[in-house]
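The structure under discussion is supplied below as structure tokens; questions concerning it will follow.
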Amino acid sequence: MKTASNTATRVNSRGNSSEHPSGDERFRMLDTSLKKLRYQPDALIEVLHSAQGLFGYLNNDVLFYVAHALKLPPSRVYGVATFYHFFTLQPRGRHSCTICMGTACYVKGSGEILVAMEEKTGLKDGVTAEDGSLTLSTARCLGACGIAPAVVYDGEVAGQQSPEDALKKLQSWEAEDGQE
Amino acid sequence: MDKSELQAIAGKERGARKPVCVSCCTAAGCLSAGGGDVMDSLREELSASGASQKVEVRAVGCMKLCSRGPLVRVEDTSDGRPVADGARLYEKIKPSQAPVLIRAAGEGEAAELPMVDLSHPFFTRQRPIVLENCGVVEPERIESYIEADGYLALHKVLRDMTPEEVVKTITQSGLRGRGGAGFPTGIKWSLVAKAISEKKYIVCNADEGDPGAFMDRSVLESDPHRVLEGMAIAAYAVGASEGYIYIRGEYPLAINRLQTAIRTARRLGLLGSRIFEAPFDFNVDLRIGAGAFVCGEETALMASIEGRRGNPSPRPPYPAEHGLWGHSTLINNVETFANIAPILRRGAEWFASVGTEKSKGTKVFALAGKIANTGLIEVPMGITLREIVEEIGGGDPDGQVKAVQTGGPSGGCIPARHLDTPVDYESLAELGSIMGSGGMIVMDDSNNMVDVARFFMQFCMDESCGKCLPCRAGTVQMHGLLEKIRDRRATADDLALLEELCDVVKYTSLCGLGQTAPNPVLSTLRFFRHEYEELLQKEVTLA
Amino acid sequence: MSPQKKHFRPRIATVWLAGCSGCHMSFLDLDEWLFDLAEIADVVFSPIADVKEYPENVDAVLVEGAVANEDNLELIRKVRARTKILVAFGDCAVTGNVTALRNPLGGPEVFLERAYVQEADTQPGIPRDHSVVPELLPRVLPLHQVVKVDAYLRGCPPSPAAIRDLLLSALGGEKEKE
Amino acid sequence: MKVTTLTINGELVSASPGATVLEAARENGIRIPTLCALEGLSTVGACRLCLVEVKGSPRLQPACVTAADEGMEVSTDTDRLRRYRSMILELLFAERNHVCPVCVANGHCELQDRARQAGMDHVRLPYQHPDLPVDITHARFGVDHNRCILCTRCIRVCDELEGAHTWDLAGRGTNARVITDLNQPWGDAVSCTSCGKCAEACPTGAIFKQGSTVGEMEHRSDRIRFISAARARKEWSP
């Protein structure tokens, strides 16, 4: 934790566009976003969007970096990052299964899909498996109500899903990963 | 940019049209059913077939009957035929069917593919104003919007009207906010117009958060310029020069299309400085939400635009006095802004002639749930729920319609026996529901109302920001009691406690989320109390 | 127990569930007033009296402690069925208090494991004979989550004066009804 | 500017110009219960205990943020308000693990005081019993999340008076927690100046001085008002 703070401070003291001591290129790309947003503290959410796009998730190192760059207190950056569902402070799994819990999907049985997946994987909504294989999550509404219930597997929307469909998909991922 | 240039763009666009137009829906509903591949195949097939002199393929927005997507419409206007005569709507199209479609289109024949009956009430009972361009114009091409009279209203306003006249027109039209509460739009505008503020802002609330609602998304994906034009007119009317569209991060396609729309409008001088050579500047920026339902509440939304946690603040002060960064701010939702250009183009009287005494115009609904025709509909205010559910929606294919839910987690369940209620703000409120932003979910016998109430309560509990105690802790307790009732562990005392909590949370919460969170419970208790009572136990059962 | 006299003589009881007995200590701190109490009422059941079975027709009972195990549960239900006025006596009975501190930490197995296995000096092993160690409930509950409670006496422990005042008003109320 | 005249509980009272309903009531010796409000800090209207009825307004208004307007008719102590306040307190007690007999602030706790004043003798709602941590990594202070009511006084005092902004709120809804810096142990929070204002401002035993045992933590929240007046108005009156 303290190292994170120190690295970020050092970066800042040498100017915003310098390289991050970790040598991670992505910080340079984050600098580009920061510059585009003119280091405005108001743009915190936009910056976090870019950071998550680059790093996949927001770890403390990144959050400190953002706080220093925008001259914001770290606690405020953390507070904002944890307020919004879209931001994640943990790395995501190799595969993702997002079950739509919009009303249209729920009345057509998406709740049962979630229960089946939770029982099978032992994961809860929003949790990533310890081995990093899968992130199970729910969405408030994908707007795909016409094909309810909808499930997003690795970014692909599938309609008219049943618990069996979801479990089958899970098996196919396990088989895939087993081969690798 | 002046009017002649605008007309020149429209003329050029019209001149380039081909006699036969194949339109493929590229809104999210059809894309998630494979519409993107259909679009690509149609384009490839067209260039391979050599029919491009006669046939064109257009990537349009939502064609409304989402449950039958991907949808492709073919309109044949060769030999001067009116569009309506030669229109065919094909459903559930696969990429492999592109050759058949293109060949048939070229030969002016119907393809032997499943077709939707365009004379079905689903289409004929609709009254498109907001959705007039939806499924018609190409959302990624500003020229297509201009061809459909786009930006004419903005021109008229800037050249021929004073800001006061614009506000007056909107007031006279009787338009009320389409975000849910139905506050008169003209009054809201006049408050901001009158406010003394160094700077003013226009905010478009596109944080469509109700689960089961996709009206705003469809409008933004299908006709984004309409919203920009409405915002620009509003900016002129109230004296603002900057605007923000706060849009859900879950809508990447709508974000993308808005970005394109802003870029192209700026390039043509329809946004920026001295628009239409008038002393009027207006710029729009996007702010991407990050997944918080409460940000639909206007004070929370502003906090989020300012880069803070989306916590609501007590009102007053209202945004009209003390909005973004302390400046006077006008906030309307997508559908409200989408109504502005047609009102100014066609007049307040024309708009006021549609709808009822107190609810003018139309309302867009996302019709979903246990119903045959799922999709996007726009209907005149005053239409009955029965007409929507049974005629437009085609009823419940599997069971008996039991209730219609409107207003999402802030709304209520209206039982089947009240289906003859007209759809207007007051009538829905009398039944303990609200118009809401436009989600309409049909439920049947297989849906237990206690569980429906629990579902919405879970939503409110997950989305509570945590700032005020009654909402933060009250939703948790109400959810627990609903679970207890559903699981047959509750007694009559628990039900009484639930009702007391509903009262407390409704009247003591800080913002609309908490104040309306008990609504799904109260409305199901009002109409389906027996479903609760059937589950109650005489003795205390420990978990 | 003396047979019922002609004039009304209230039958009172005190019960000790999951608590530290501090509330009973406070009760005993009423000292000589206890003689006065004996003048006006019969104490028909109490941890300080050797009565095995909770009797029928009790007018008022002070229940100390929360409901933490099956024995507590069985007893409190019996107490409720046989008593007119049930008083939640002290913070454990009213809120769960210190006895409920286990609730946030998980189910009973966690504590049994800790107490009888990890911390055991000799012969580690969880006693499964519930006649020896009663089966723990999943959560410790305040009385009113289990049975109807008529009056609440807060305090850890409630002061002797508060106990006396409550008893007098409860007994007075019953007397008036006669 | 002249004084404002309004009616509170049927009595005509006068209030300083610009006063809120809460200030107007206090100036006239009328008690309105509060938890999140603290003199010297900004107001947030979050705890909802100070809701009052204002004639002509369909909604209840939080006295702490509502301006006392000329001619206003306010009721602060109706049956309905008492019922709501009692339930709000029950909700607070059921939300986390408030075990008064073993709390450092026992006897000096605003939550406990409000409950006693409201005559709340038991909590009808099931206790949630969340599993929450206690952080005693700071050399002089500790924070026990079991006792936190999320009033955000610590956050405001740290930001507005000390200027360090060590505290903020993380998460949301029932999962919201006060945090220091990046939700790290308080002792590791580099922004903290160890000034102790948060401990003085805390209404319960959530933030406490290390070494205090049951009932020993007395908050001096009047110091917050003192510092605020000194900073803003150069007035050093106790």
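For clarity, chains are labelled A, B, C and D in written order, and residue numbers in each chain start from 1.
Here is the rule we go by: a residue touches a chain if its C-beta (ideal position, glycine included) is under 8 Å from a C-beta of that chain, and two chains touch if they have at least 3 such contacts.
What you see is a predicted model; the values in this text were computed from it and never measured.
Least step count on the touch graph, chain A to chain B: 1.
Per-pair counts of C-beta contacts peak for the chains A-B. Centre-to-centre spacing of chain A and chain D amounts to 35 Å, using the average Cα coordinate of each chain. Mean C-alpha positions place chain A and chain C at a centre distance of 52 Å. Separation between the centroids of chain B and chain D, computed from CA atoms only, is 40 Å. Across the assembly, chain A contributes 76, 79, 83 as residues in contact with two or more other chains.
Counting partners per residue, chain B has 292, 309, 463, 465 as the residues that reach two or more other chains. Each of residues 139, 145 in chain C touches at least two other chains.
Taken pairwise by the contact criterion, the protein chains fit none of the simple patterns, being neither a path, a ring, a star nor fully connected. Listed by label, the pairs of touching chains are A-B, A-D, B-C, B-D, C-D. Contact residues of chain B toward chain A in the complex are 28-29, 32-33, 65-69, 209-214, 217-218, 249-251, 287-293, 304-310, 366, 368-370, 374-375, 405, 408, 439, 441, 443, 447, 452, 455-456, 459, 463, 465.
Chain C contributes residues 73, 137-139, 141, 145-147 to its touches with chain B in the complex. Interface residues of chain C, counted against chain D in their complex, comprise 88, 91, 94-98, 100-101, 103-106, 139, 142, 144-145, 149, 152, 154, 156. For chain B in complex with chain C, the touching residues are 540, 542-543. Residues 40-46, 48-49, 76, 79-80, 83-87, 101-108, 111, 139-148, 150, 157, 159 of chain A touch chain B in their complex.
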